[in-house]
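The structure appears below as structure tokens.
We just call them A, B and C in the order they show up, numbering each chain from 1.
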Amino acid sequence: MNDATRDCRERVSVDPPALQHIIDTLREDGYRVIGPVLGNGAIVYDDVQSTDQLPAGHTDRQMPGSYRLLPDASGAWFGYAASPSSWKRFCYPPVTTLWRATRQGSGFELVAETEDAPPLALLGVRACDIVALQIHDRVLLQGPHADPVYRRHRERAFVVAVQCGEPGGTCFCASMGTGPRADGGFDLALTEIVDPDRHYFVVEVGTDRGRAVLGRVSTRPASAAEMDAADAVVANAAGRMGRTVATEGLPARLAVNVEHPRWDRVGERCLTCGNCTMVCPTCFCTTIDDHTDLSGAHASRVRTWDSCFNLDFSYIHGGSVRPSPYARYRQWLTHKFSTWVDQFGTFGCVGCGRCITWCPVGIDVTEEVRVLAGDLSADLPAAD
Amino acid sequence: MNGMVQSPMLPDLYKVQLVRRETDDTFTLELGPTAGRQPFRFSAGQFNMLYVHGIGEVPISISGDPGRPGMLVHTTRAVGAVTRAMRTLKKGDTLGVRGPFGIGWPVEEAVGHDVLVVAGGIGLAPLRPTIYQLIANRDRYGKVVILYGTRTPADILFRKEVEAWRARLDIEVYVTVDRATEGWHGNVGVVTRLIPKAPFDRTRTVAMICGPEIMMRFTALELEKRGVGTDHIYLSMERNMKCGIGLCGHCQCGSTFICKDGPVFRYDAIQGLLSQREI
Amino acid sequence: MHTLEPILAEHPFLKGLKQEHLELLTGCASNIRFDAGAFVFRQGQEANHFYILRDGKVAVELFAPQKGAVAIDTYGEGDVLGWSWLIPPYHWRFDARAIEPTRAIALDAKCMRTKCENDHDLGYELMKRFAKIIEQRLDATRWQLLDVYGVRA
């Protein structure tokens, strides 16, 4: 990030009630506001109408195979790291009906599925997740064929970013160059500052659309001290990452280690449950199912999220192409850190750490990468 | 706000004109467009996603003549629910078609070269459009040699056409079977045994190979051993496909999406992938 | 007999042989012709020759009850046929039958074996070449066994 960019972007300060006004303004404009709330023992993303629903007084502690919701005395509204559910499910829904068909005589008629969903306003998107959305833009919109479902949601989505102050134990966005600071990709960006005597937000304007919404709530220009405090929050976070990955030359280093013995070791641990692909904000694999009713008169095509960890994900006549768990783990990891670069020009990983947290056996992708990218001497970590 | 989801996932409707049995497990579908549709243009080696109402959709190679776009022809084995259902369709039935997708055979790049077409089993179907084009523009190519290997004499695909190509004075055709049956007086043995007989100039030949992956692998190795450059050999790869448009991720092989970076690949680009297990 | 020397010298299988070895080989060589349908050799017979095919087509066959004669391999112009002459007890293990009119050069096995025993260099040169042929046959047989075109439901 360069100082010139930072200084050029307009910044104002607001007090906590203004955030409720922002939410109200967005809802008045017809947006469905999605933000962090408590649910199922975690901080998840769901519909938000009031700032009372935000997880104030809670934080999370994330480690390999472990997520704990803990009390947080600071009172911060956004004092937590990555949520188990990413923003992926909103622009790229897990289940989507693409079209329906009805039998007509000896043939059938197809009708594309129409949608009446309101535009989304995503509240509390961290830098890593913004980059994940941008990665999805490249994958789903910039190829020879674009996904119209994703496009429709994404084009209209209003993004309120949150500059990260509280990296998690499994975070490594700094290594992946995706955070903790969001430099763009948002309409508004909030930095939350919780001092003993003051609780306020410094708000950056990212787009005209963002400026227009902000113009309808009461703000004041951010003072130099407030801006310094906001910068410090993020600078502080950059130094407290839970994990690191050395990305220099990583795609090539992984490519030559396709037969590394470590793959067998991690393959013995991996359950191929696919949790990592479900919580990953950049995974995009789907499957298509053609359904029909009992009479055969009505059919529909439904697209659902899929995972390369499924045994029948990749097959030719005679069976699965990757029957062994190690091969499916290798497919996933090398896709994120190696072949994605060939395909789309960026890494597929944004360092959010969700896969490490939500792996039931606690496989740490940063540890695997460290070994598989060339350090032959590293052994398995001690048993959990 | 109402939005129409226009989608490359929405099939066009075609009418079945003909279903022809080719061998015990292989059949050809000829489709014509429903009223008002343009004739279907495609390149040799491309494929369509074909949808049978209520059953499902599968990728099938186009096996017809690019020079005759009025009729859309596919040849496939009946090995799963969708293809078995397809085989029972009648004239006038409706089929969903999405495509054409994929990168096809290097018919243009091969101009001015000798062309070696090596097909194994059902692999002759995706190569047949190329053969039609080679014949239609015969004077633009050097020697044209077709090598075809299959399991038994009864499995020889497009037999009458193969015999007609063989009868031409300007094409050499050699056929072999893995296993002979009674009454077969032709060649017996793997298709690579035919390569020494093939009169191509290894310094200016483009080879196009299609068949089971093992067959393509040992054929490409044999050609490489005989001095054909790895940048002059092309293979057609296969994986299951769901979307056919590079978005669902199923057909990935290394960094390639077989549906949009292939299915035809130059050998030097995928040589490494072919020798890796479970990749 | 000397008229066969240039033909043998040109053959890729014998490429690189010293002149003296070529002459030794030529001394064991003769022209032979088979009509279509004629047996080149029979399973169980002594392997008294190997053949370098000049044209035509020969099928290596196995006769099985109820199946009849099953062709497992075919050979044509330029192919080398037969290596049982090299390996004791020197008996053919399959039938070979010309399925088209076939011309070949037949090399007398007893003559060859004696010369190879007397001149180990000649023996080694021939062993190297036949090892290559056996390797190719083994590869091809394995690929045929894989039944790559078979449908696995």
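We take it that a residue touches a chain if its C-beta (ideal position, glycine included) is under 8 Å from a C-beta of that chain, and two chains touch if they have at least 3 such contacts.
Bear in mind the structure is a predicted one, so any value in this text is a computation, not a measurement.
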| field | Target subunit C, source subunit B, minimum contact steps | value | 1
| note | Farthest chain from subunit B by C-alpha centroid distance is chain A
| Centroid spacing, where centroids are CA-atom means, of subunit B and subunit C in whole angstrom | 37
| query | With chain centres defined as C-alpha means, what is the inter-centre distance between subunit A and subunit C in Å? | reply | 67
| message | I'd like to verify one number: the distance from the centre of subunit A to the centre of subunit B, where each centre is the average of its C-alpha atoms, in whole angstrom. | response | 40
| task | Pull out every residue in subunit B that's touching 2 or more other chains. | result | 79
| What residues in subunit C touch two or more of the other chains? | 151
| On subunit A, where are the residues touching two or more other chains? | 317
| task | Please name which positions on subunit C make contact with subunit B in the complex. | result | 57, 59, 67-74, 76-78, 99-100, 139-140, 143-144, 146-151, 153
| request: Name, in rising order, each residue of subunit B that touches subunit A in their complex. | output: 1-11, 13, 15, 51, 53-57, 79, 90, 92-94, 96, 213, 238-240, 242-243, 245-252, 254-255, 257, 260, 276-279
| query | Considering the complex alone, what residue numbers of subunit A touch subunit B? | reply | 98-99, 101, 103, 106-108, 110, 112-116, 118-119, 139-140, 143-145, 147-149, 152, 258-259, 284-288, 290, 292, 296, 299, 301, 303, 306, 308, 313-317, 321-324, 327, 330-331, 335, 338-339, 342-343
| query | Which part of subunit B faces subunit C closely enough to touch in the complex? | reply | 25, 77, 79, 120-122, 149-151, 155, 176, 178-180, 182, 184-190, 192-193, 196-197, 211-212, 214-215, 218
